[in-house]
Every structure is written in structure tokens, then in C-alpha cells.
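Every chain is named by a letter (A, B, C and D) in the order it is written, and numbering of its residues begins at 1.
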């Protein structure tokens, strides 16, 4: 079973989920200049989720590069993972609209739960492919394979931690989501240059 | 005529239809925590339709893997099939919003009719390709071909049955849609591991 | 310059424009069963535009199959053509919502103008590629090339005619759009089988 | 690391951002013929942004044609660039709805800032790939490489200039966006024919 259609389907979901984020931005237009300034959490949430989806896309890229073939179980786990990716625009809208209001806590929780689930499924994808080198290419370097596994492990814990912070301080939780995103951007870029 | 552009177009429709499902989720934000809990049918309908589309995508994958070339009639039947796939977000929204209300019956009927039509067109696609091995690869294993045909046959009947149940009990009908989806997930995963 | 990215971009636009059509369907949900019946022009317009986009996609497929390479002028004409394709969901919504009301005339005109422009740009694409075999493959059969040119020629005229009918009778104009679509479906399928 | 998945992801974002533009067009339907005429800025903004995205897509095409491989930093800059592309439907809606109103200034500013950022990131993409021929193909013609670099340089300045004009006269700024688009269309087409 060739892996290229999974890549096409996944790239489609990544691209569409990222592009739908822009529909979250709305204004009424009574005092447009003022409104465009006060919806800054909307821009931030847009950038946060777009870049987060972008990083996960780059990482999915890395995983699929090591994978030689796919089986139906792997496809099914990918469907569940992509279901989380495609869900991201909804909590992003909540974060954008409510993080500066009294409803910030459920918004920050919804965002965190979604990202925690996404990162968890991503780890399941990798474990399933890498355990016993089940789906890997014959020439996949074992050291690189181990490195990939290690680098993905903290994701769910980081997001779970940031989610729990929302119960105490939703704004701090939002700041942590941004910090996790920035960390991955820097880690990716430096890793890519090195 | 190469088959890769049909795959690209189909993967696009699958990916977009699945990703548009998230637009069905909306809240007013007066008591966000409460609202996010009471829209649980929305999450369930999202997951149900996303996974259903995912399974159909995996199966389309399987069909196209056996197909060597496509003709214009095959393309046209695929367009009609994809028209059903792209329609799914609409009855999904109905199911999400009305399954727990007095308007549950038409919502459950609309969902079931759409899925029955989708499964029927999917069977037409396969019959057209497989009858007399019209579009199949020369090296397609006849036993695998027969197995595929048998495994797709119950789909329309299962969905038709669940649709008719909506006339008596729409909630039971909704539960049957979930059960059919779960059945296919398990069947796919176990089949994929075996 | 390779042609595969034009195909990917075009397939993306075709798939997204076709899938966005479903967003045109909305209900208020007071008497859902009744509402789902009275929005029948919505289903018809959805099917009409989806199938029309599907046919144009099949034909674009045919054109690109004969094309060996692309130049920047060809890309630019394709962008203008795809701009028309991506516009189709808007007049489709107008047709769906107003064809049975007193506002039917502008709705039918908008639909017809869009399809006439689309068919015209499609002819420009083909003429540019085929004139003097500018972008065609060396092994493209001249008889097939001439046949393609002839079969695309009536499109703009048919749509222009149906558009002008809207000035007298918008409903008849809508029926003609359906008839043109059906004609192409049958012509495609029979041509494909022969 | 293969470049084809970046192309697939980018083509997806380009195609979706361009196709989502049509959702900006809405009418209330009281006097449809009149409304369809007075929303002309909506059509113009649609065409402007669609063609602008189309031109950037063609140019991204040109860049990727010269690129042999990608690294993680290059992927990350592309993600930031695509984040700007996917943002375009929002300021396009602002331009369409407010350019003929008293709120024209912030709308024209938002559009210009977005396009300036897009053009800037596009230059970063090219500089990163081309400096010291870092990511280029071995057989990339140095003269063509230099020509590409020169042709992309004015973009950010042109858009920045048009943006600043919005502070004095928003309508003139809108006209300049159209002029820049037309300039690139002509430049592309003539360049492509020559």
C-alpha cells in the first residue's frame, strides 16, 4: 500500500485547517480602526495555531520520510490524529474571542485539551511505526529514529501542563501555548541549520 | 488516461469535506463552560462524520490501488460519489443541532439518506471497475478483488436500515450510525494488523 | 517548467470550490422536515454546480493530458479561469435562494454570466495551448486535438443563450443550466464508454 | 528531505486562500439586482486578491523550480510566508466592505500591511535559498538566479508605498493595489511569451 495518498490527504487537512483559521476573524465595522486593534488576541491566536499546525506538519513530514509503507491500522490512527488537527480552528476561535474575557478559563481549557490530544495521537503514530521498526524504511538510521521518538515525547506533557495552568490562570495558560510554539519554532530552525 | 489526478481531486474533496465539519460548531459565549458541555452532540457528530469520511477515504484508496486506468464514465461516477461526500457536512450539522430536540427525526433521516447514497455510489464505482476486470490492473489478485466486492456490499443496506429506524426512534438511528462507524474502524484496524 | 504544480493548484481550486457549495445550505430549524423539503432549489443548485465543476475538471484533465509544458502566459490564463471556477459558489447560492422568488432574474443572470465567463476562459486556455501546437506533446494526435477544440467551442454560446433567456423567464434559464449540465454528463459518459 | 511535500502544502494553502475569498461576498436579497451592482468593490477585491495570490503562486513555482532540497529553517520561513497568504481573505473582506465608506483608511491599511508582509517573507524565502546557492540545484543558471532576486526586490517597497498612501487617500491606495497587480500580470504574461 503506497504512502503517497496518506501524505496527500494529510497535507490537505493541514493546509485546510490552517487556512480556515482566518474565518475566525470578524469585525462589525462601526469604528474599524479601533476594532482592528482590540481584536489582537485574534491575530495572536491565528498566528499561534497556524504556526503550531505548521510545526506539526513539518514533523509529520519527518515521520513519513522514515516510513516505507503504511497499513490500515496506521491509516486509522492517522485519521484520528487528523481529526484533532482539523478540530483546531474551533478552540482557536474560543481562545481568540474569550481569552481577555470572564470566559477565558473554558476557552483556554478547550484549546489545551485539543493540543494535548493532538500531540498524544502524534506520539501513537510514531510509536506504532517505529516499534520494532514495523513500518520504517530498511535504511532508516536507528540513531535518528531514537532521536525522533525522544523529541516527540515531551509534547503531550507540555500541553497537558499548560492546560492545567488554565484552571488557575487562563492568561498564563495562553502565554504558555505561545511559549511552547515559540520553543518549537526555534528548536526547528536551529536544528535545521545545524 | 492517468489515474493520479482523480486521486488528487478525490483526496482534496475528502480532506475539505472532513475539515469543513468543524465550522458546524458554534457557541454564543454567555456561559462558555456550560455551552461547551451541552454541545456534546456536536463533538460526537464531528467525530462520527470525520471518521466515516476517513474510512471511506481508506476504502477509496484500496479501490484505486486495484485500478490501472480510468475512463470518462468512471470519472463521472466518481464525481457523483464525491458530490455525496462533499454533502456530508450539511446533514452532520443537522444531526449535531437537532438530534436531542423535537426535530430529531428529519435530521436523522437526512443523515441516513446521505450516507446510504454515498455507500451506494461507492458500490457502483467498484462494480464498474471490477466487472469483467474492466479497469483493474493485470496483476490484481482475483481473490482480493472478490473480497473487496463482498466487504462493500453491506454498506448501503446497513445505512438504509439505520435510516429507517429514524422513523421510529431518531436517537436509536443516531446510535446505529455511530455503531456502523465503530464497526468499520475495528474491522479496518484488525484487518490491517492481521 | 513542469506542469504538475498547475495540476495540483487547479485540482485544489476545483475540489475546494465544489466542496464550499455545501455551505450555501442553511435551515432555521423551526419545522425542520418542512424546511428540508422547501429548500429543494438548494439541493438542485448544489448538484448542478458540483457536477458542472466536475465536468470542467474532467475536461481540464483532458487538456492537461495533451499539454507537454506550460509557460507563464498559460499559467496566468489558468489563474483567470480558476478565478471563475472559485467564484461559482456565490451565484450558486443566489440561484438556490432566489430562483423561486421575485428576485429570480438577477440570480439567474449572475449564474449564467459566471458560467459563460468560465467556458470562455476554458476555450482561451485550449486555443492558446493548441494553436500551432504551442504547448502540446509531440505525440498528441492531431485528430484528437481538433476534436477537443470542436467539442469545447459550443460551451460559451450555450451558456450565453441560457443567460439571455433569464431576461424573459428566469426559471426557464435555470432549467437550461440543468439541461446543459445533463447534456455534458451524458456526452461524457457515453463518450467514455465508446 | 524532499521538496514535494512543501509544494503540496503550499499549493493547498494558495488554492484554499484563493477559494475562500468568495465567502466574502454576501447579499441580503431585498433588491437583488441593485445589491449585485453596488457590491462591485467586492468583485474587484475578489479579482485583485485572487490574481495576486495567483501571481505569488506562479512565483513560488519559479523559486521551487530552482530549489534542489529544503531544510527545516526553509520550511519554517515558508510556514510564516504561507501564514500571510492564508490571512489575505480577511483584509480582502475589509477592503471590499469598507473602501467606499468612511472606514476606508483602516481597511486599506490592513490590506497593504498584509501584502507588504507577504512580499517581505517571499524575499526572505528566496534570499535564504539563493545566498551562497544554499538550497539551489547544481545546474541552476546563476544569471537566472540573479534575475529572480532582482525581480522580487521591489515587491515589499511597492506595497509599503501603496500602504502609506492609504494614510492620505485610501481610494488611491486601493487603486495602487490594483495597479501593482495589473503590472505583475502584464510582466508575467509578456515575460512568459518572450
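Keep this in mind: a contact is a pair of C-beta atoms (placed from the backbone, for glycine too) under 8 Å apart; a residue touches a chain by one contact, two chains touch by 3 or more.
Keep in mind the model is a prediction, meaning the values are calculated, not measured.
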Rigid-body rotation angle, subunit D and subunit A, from Cα fit (steps of 5°): 90
Identity of the chain that, by mean CA position, is farthest from subunit A: C
Chain centre separation in whole Å, for subunit D relative to subunit C (CA means): 26
Distance from subunit D to subunit B - Cα centre to Cα centre, in angstrom: 36
Shared interface positions of subunit D, touching two or more other chains: 8, 12, 16, 20, 23
Residues of subunit B touching subunit C in the complex: 1-2, 5, 8-9, 12-13, 16-17, 20, 23, 71-76, 79-80, 82-83, 86-87, 89-90, 94, 97-98, 101, 103, 105-107, 110
Complex interface listing, subunit B residues touching subunit A: 7-8, 11-12, 14-16, 18-23, 25, 27, 29, 31-33, 36, 46-47, 50-51, 54-55, 57-58, 61, 64-65, 185, 188-189, 191-193
